[in-house]
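Below, chain A partners chain B and then partners chain C, in two separate complexes.
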Partner chain A sequence: MNGTEPFKIPPEAAFATTYDVAIVGSGVSGALIAKTLGALGLKVLVVEAGPGEDVTIGEYTKSVERFYSAVSKDNNAPYAHSRNAPMPRDYDAVKLRDSQPNDRGYLVQNGPFEIDSTYSRVLGGTTRHWEAKALRMLPDDFRMQSAFGRGRDWPVTYDALAPDYGRAERELGVSGNVEDQRYGGLTFEDGYVYPMKRMPPSFLDKTMAKDLDGFEVKVGEQTFALNVRSTPQARNGIPNPAYDGGKGFTPTGAVSIHQAEMGGRCQGNTNCVPICPVQAKYDARRTLLAAMDTGNVHLLARTVAFRVEVDGTTGRVTGITCKTYADKDAPGHVTGMLQARIFVLAANAVENARLMLASDLHGSSKLMGRNLMDHAYLLTWGLMPQVVGTGRGPLCTSGIEDIRTGNYRQHHAAVRFSIHNDGWGWATGAPYTDLAELVDARNLTGAALRRGLIDRVGRQLLLDCMIEVLPEETNRISVDPRHLDQLGNPRPVVSFHIPDYTLETAAFSRRLTRQIYQRLGAEDHTRYDPLAPGWVSHDGEGFTLRGGNHWAGTHIMGTEARTSVVDATQKSWDHGNLYLAGAGSMPSIGTANTTLTLAALCLRTADAIAAELSPGLATASVSTHCQEIPA
Partner chain B sequence: MTPEQTQADLLPGFLAISSVLTGFSEHALRGTGQTELYLATACEMVGDDSMRMMLGAFSACDIGDDTEAMGRHMRLCILSHARFGPLARNLIKLWYIGTWHCMPRDWHEAFGGNPADRDHIPSPTSYTEGLLWPAIGANPPGAKPFGYGMWANPPRVTRA
Partner chain C sequence: MSLHRITDLAGLHRHLHAAMQLEHATIPPYLTALYSIMPGTNTEAFDIIRAVAVEEMLHLTLVGNLLNAVGGTPDLTVHGFVASYPAMLPDGEEDFAVDCQRFSPEAISTFLRIERPADLDHGEKGGRTITRKKARGTVKAGHVGPETEEHFFSIGEFYKAIEDGLDRLHADMGEALFCGNPASQIGPEYYYSGGGGLIAVTDLASAKAALDLIAEQGEGVTDTIFDEDGEIAHYYRFQQLLLGRYYRAGDARDKPTGGPVPVDWKAVYPIKTNARLDDFTKGSDLREAALEFNSTYAIFLARLTCAFQGAPEEFIPAVGDMFHIKELFHRLMRQSIRGTEGLNGAPTFEIDRLKDDPE
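Entry: the complex of A and B
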């Protein structure tokens, strides 16, 4: 088939075809599975709730310009609002009053914690706004219960997953330095290098490292030396000629069905979230286009999964009812049924659980939607003694990783710190709020204003403290027939609280960051507003915690149907031809952004599906009553 | 006169006051390509009269190159003036970040203007041409990148 056809499969043709595999969601999970299976000759359909646009530079540029024109530059600002496939927006998280749920946005917030995490319902999913940090989880993160008596163990060890981490780092195109990743028990295959060399540390990173490296910190009974280390990230840099036994690596640049020559290397646009204008940041459209190029994958966009249909006797999925709309806002849709031998839900941890619960499928463990996790972020901010050039480079090039694990995890949660090159924006709305203060309150104009801005913005340092949250059954996604979207789909209801285990580390992190600012001679400007959403208090001290957009745990992985939802391949215990893929399967999230780990898991899932449906049988599997898939 | 003629008439004064307010030369302001659009935006939201009166007050005394005298003149006649002060501060923000902020409600009640006044960015390039970014030695996030690895170098701006 030529380049454009697979993106324009008519809904009636898709619904009349029995595919080998039908995947709900075009994000990184679904794209990786589709690409792997398509390459093996299996016939795959990918269904996307949002518009299936942005496969040309021209369409992508519209998203960039929408971002430029948006007064509120939140992490979904580049994407058009859609009434038929609405998205959560961070500004919809407001302080809950009198324990009343907040339903002003797409997510219904039940509290008690007001979480400002979001996701994107567009082609490529939330990789369209992710920052692309690509840290591996630590070996200890996979054995929380056996090592620390907390949380849950995975049915997979780090060592077993390590080769898949390597595959994921290739698929996503990770720039990093293995030597900087030797801490906390992390191991790599002998001679392993990342596909591309690390992003050069920023001037701010280097300035901090001068005074910070070697700082000894006691956590629990152990002493750790802190060091500024480069952060691996799925952003195109300089290919490492030593990669793959000396074969090297060729970065994939901008996505386009037409020839496009950009995105081969980061240019320092300082806008990793939400949108890289040159596409040097990985997003799942890259994998989707490669999947389409196999000739075996179709995309059906503007189609929202409505109900998973199950045979009451066998438990097998007989189809997924979907609603396809023509206009993103206007009411009206057609209903159809996805047909396939195997179904994969890859719509993210919130939407997967929402769909299953909306289909009255709570799982024999009754854990569907429960064990919801996300990282809790404590933000701290200060002014360096000297101008450090804030506002240049990728959002983060380095972090502090040395205390990501230790025996202290028996008592409180793990944490890592990111050093932000983009200043206080996440915490305070800088530099816009700084400009307003200098003009409106300090009455500065002209040259004095320019000097004031350099002093106020050019010295900014923001350290984010990414804190682990463990699975708890009361933290959950649920559905409620009182809260429906325009298509009649139940909206996700979020119930979330921050456990003491996590709060203890928030308090610890505040103490440690104070010491870091003292060591750097930086002015600590951190303050938390008790009236802000996300305000929590612990032992008499108050903090504002922010969400990390790392939704996980809602179809948790385990060793048996009684205590988990999926097995180690992400296959449902209850439904023999259904996989629930993505961070929803993760039994812990440690202190790593979830994407790299869920990508590694999904590559394993693709292997499991391929083993089930051998490619030799795949051609015969396309049932005779439907039209041929155009080849 | 048509609105275009009115605004062409106001343009020299608008550039002059904008330069004093922002600390950027008229040449640099011209270089953003936003001058006419910003004048039109401001006039549309506050009305031509307010703009004309403010520019009249600005050029009422011949100050020349005396920056101290200009600073005093701005404080006394523009920045502390009930009608002109909020408009002048809005112009600074428009030039710096490309966003026109809705004027305060009490200002509209006192001085009229456009009932449809609202926060907005007049054009996508208004954002990328914001003066804030060159002022702090940074690029507007999402545009005008300095190039791979340049972030590792010392900043080009220094504290006064």
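Entry: the complex of A and C
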């Protein structure tokens, strides 16, 4: 890929230009919209709050090295922290006491639940540290209210979104096996195959499948047979020659503006989160550089959106005031105004809401920032009876999906389970903590230490239970003038509690995983620390729940301005030339990581913007959008 | 390798065997320079050399596909397949030998000669092939005696001779030339990178596409730095290291104007050039590591041979071999050789010696 210059647009030049579309955020949402519109010849500016680096292999390698040398291997460990565009760090989440907010990190945590979710303010956004699971949401997830009397319905059905899921799977480069995805009402177009073949199941997956496949579980009134199934993921594997009617698929390799042909095929480094050392994992820089290659897209980095300016009469956005800094830490910035025909906020569910609220734009529904969702993760861990090769392959190659939906959702939340190839790391800090224990507590050295580590780490199994959280208006992002960052931007204030609907499934999942460990002959080592952040109790039993970094719902999508923030194309009901893009638009998150679904939504948004700005250019798939909104 | 003008199928097979040897002969010197770079330093240089080395592996596979397509049998395990360094290239360039040496200006200069464009200072000499006696030190696999041979100034010219031969045979035989089993073709499932993918060879068009890809990636199309797909040729990639700057689109030869390519020639393991097993004391860890390297490399070549001979799934475990090979590179390069003035070990690539004289 060529073209260094678009990465270095001087701020004064960017602020002096009226673009067709200005996009706040270079993550997956913004990059997909930029690429689609740039390819149609529209002039696009992408604004990124972070330093905008990592467009060469050399820069990327620095991030990998930063991660290797970091003491805390948290989600943002590979990325240089910037005082002018700070990021949440999971270690900032601490147990809240006496309802005192925790403001030690970038997020201000109001509680009552302490959420350890994060996001990344770097080029490519949070896809830089995501794991790249790319499951589709189930048809039932889109009709929670009509099917189960819970949550909200989407203004779009699964069937309507299915072609966009296909487009998103192409853009992200998903490896998967359609046959493994036939459960819970999921349907695929006849003959559809994923762009790449499924990631090969790990030895651990196969070991578990032997004991688990066909295991029958009663949930509510229904009985489900469990099966270990491959997990679709946006990771480079083996291209499927049958893809696209036999045309095959060409994976995108490592990102670089210089030629550094790294194929980026997964080598099983088991380091997907927070950074893949060989760039096998999709991140939005791939899409962004393709957007740049159209010649119509500029990037303005080190620029934080400060205020959305609105014409009081028409409600239209007249510009977005931004602050551009030179040094990532030193105070000092220049202020300018983005000018465009259409504006897109694609800064993630937290930052989109934060920016709108900081601009005093609460929406006619007053729902801006409300209905905050994330997945609640219950972690369980044990030791398998034999060495299972922990520490090889992507973090997860398989999961248990069979109870992702069912009538039980009238009463409690949906759940899916991931089988972790990376051992207990997420729960206990393994293998470092194991090493410390074997050396310090058991006094092992030399060969005995090596054997001890293999026996201990090589048998580790971690099963995560990914539990649905439904939208509730009291779960929210807000702003408070008492909490500002260095640039003077209000920091996000998070108020979150875990509903009983979700806790009920946490208790169920703990019971089920105990049974699973018994079937596997594994020692269950799961322990929850009542003093840890995220500790909750339900019916006398305590658990620690962890965040999933799947922030959603803060500019929720619906059928009317009174009860939602955006329409089915992610267009603001209140501001005719403003789109709020990303997981913030989602009315439910089911049991799928949000990225694939928000990517599908953003491709539709790009079509809608194209249709609005240059009807002649729009692709055929555009014309159906508006009709899908039920009357 | 006696390389006469290609007049029959056997001649084509001989040229293609030589081409596989040629592609492989670049890999030990490239990997030696690559892994001599101390981890975490010279990242730009590391990426440039790595990218070229990976494309040589692609070229090796493309030639394997071509040889399979015309009914030949790729074999990377034959005696003499792995060059003995210093080595002359199997296509017969006579003015330089190739060493396995540390990352250094000398190494890069050699790499530039390996990848030099046909027209660099040679175009006016009329005719691209020099016909004379076999030079001493060329890779000896398949030699039939001291005969008159074709020698080529550049790899590109060598491939042009293959293409001409392919054309002549195709004129005689038609598509019957492509009598190989299509199931032996290695497809894009097993290789991809930014630099183009594998081409299954089943007819004249796909055969020429494979040859074009090799030639373009090596030295560029005449007089250009970038090929049609915007990919920079190996010669100019390496040149960036000596000139300290990246090329970008529109640049003239020798005058890159892109970002800087910082190089630290000192952040390199001081390895011995063309190390031999006999440089390492018997029973020492270096000796053990060198032996393990050679046997691992032999296993790797045997696995690739299986993959080329109808079991492409063998490429997957071969990836694991490559990790093992990299670890052994580092194990050797981090230790100094007893009795030398601070010279470190390196792989010896004495694969045949392993077979002749197992320790």
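Quick notes on this structure:
Throughout what follows, the second predicted complex is superposed on the first by the 610 of 631 C-alpha atoms of A that agree within 3 Å, B and C clash if a C-alpha of one lies under 4 Å from a C-alpha of the other, contacts with A are read in each partner's own complex, and residues count from 1 in each chain.
In this section, a contact is a pair of C-beta atoms (placed from the backbone, for glycine too) under 8 Å apart; a residue touches a chain by one contact, two chains touch by 3 or more.
Keep in mind it's a predicted model, so treat the numbers as computed, not measured.
In the superposed pair of complexes, A:Q267 makes contact with chain B and with chain C alike.
With both structures placed on the common chain, the touch criterion links A:G248 to chain C but leaves chain B unconnected. Of the two partner chains, chain C is the only one touched by A:H258; chain B is not.
Judged by the touch definition given at the top, the superposed model places A:L449 against chain B, while chain C stays out of reach. In the superposition on chain A, contact is made by A:I57 with chain C only, not with chain B. Of the two partner chains, neither chain B nor chain C is touched by A:T157. In the superposition on chain A, contact is made by A:Y432 with chain B only, not with chain C. In the superposition on chain A, A:F203 makes contact with chain B only, while chain C stays out of contact range. Set against each other, chain B and chain C differ in how many residues of chain A they touch, and the higher count belongs to B. In the three-chain superposition model, chain A touches both chain B and chain C at residues 65, 238, 265, 267. Residues 2, 4, 56-58, 61-62, 65, 197, 236, 238-239, 241, 248, 250-251, 253-254, 256, 258-265, 267 of chain A touch chain C in their complex. Interface of chain B with chain A (complex): residues 20-23, 67, 71, 74-75, 79, 88-89, 92-93, 96-97, 99, 119-121, 123-125, 127-128, 132-133, 135-139, 141-143, 145-160. The touching residues of chain C, counted against chain A in their complex, run 40, 43-44, 47-48, 50-51, 54-55, 187-195, 197, 230-232, 237, 246, 248-249, 258-259, 319, 323.
On the side of chain A, the complex with chain B involves touching residues 64-65, 67-71, 73, 200-203, 206, 237-238, 265-271, 275-278, 386-394, 397, 421-422, 431-432, 435-436, 439-440, 443, 445-451, 453-455, 457-459.
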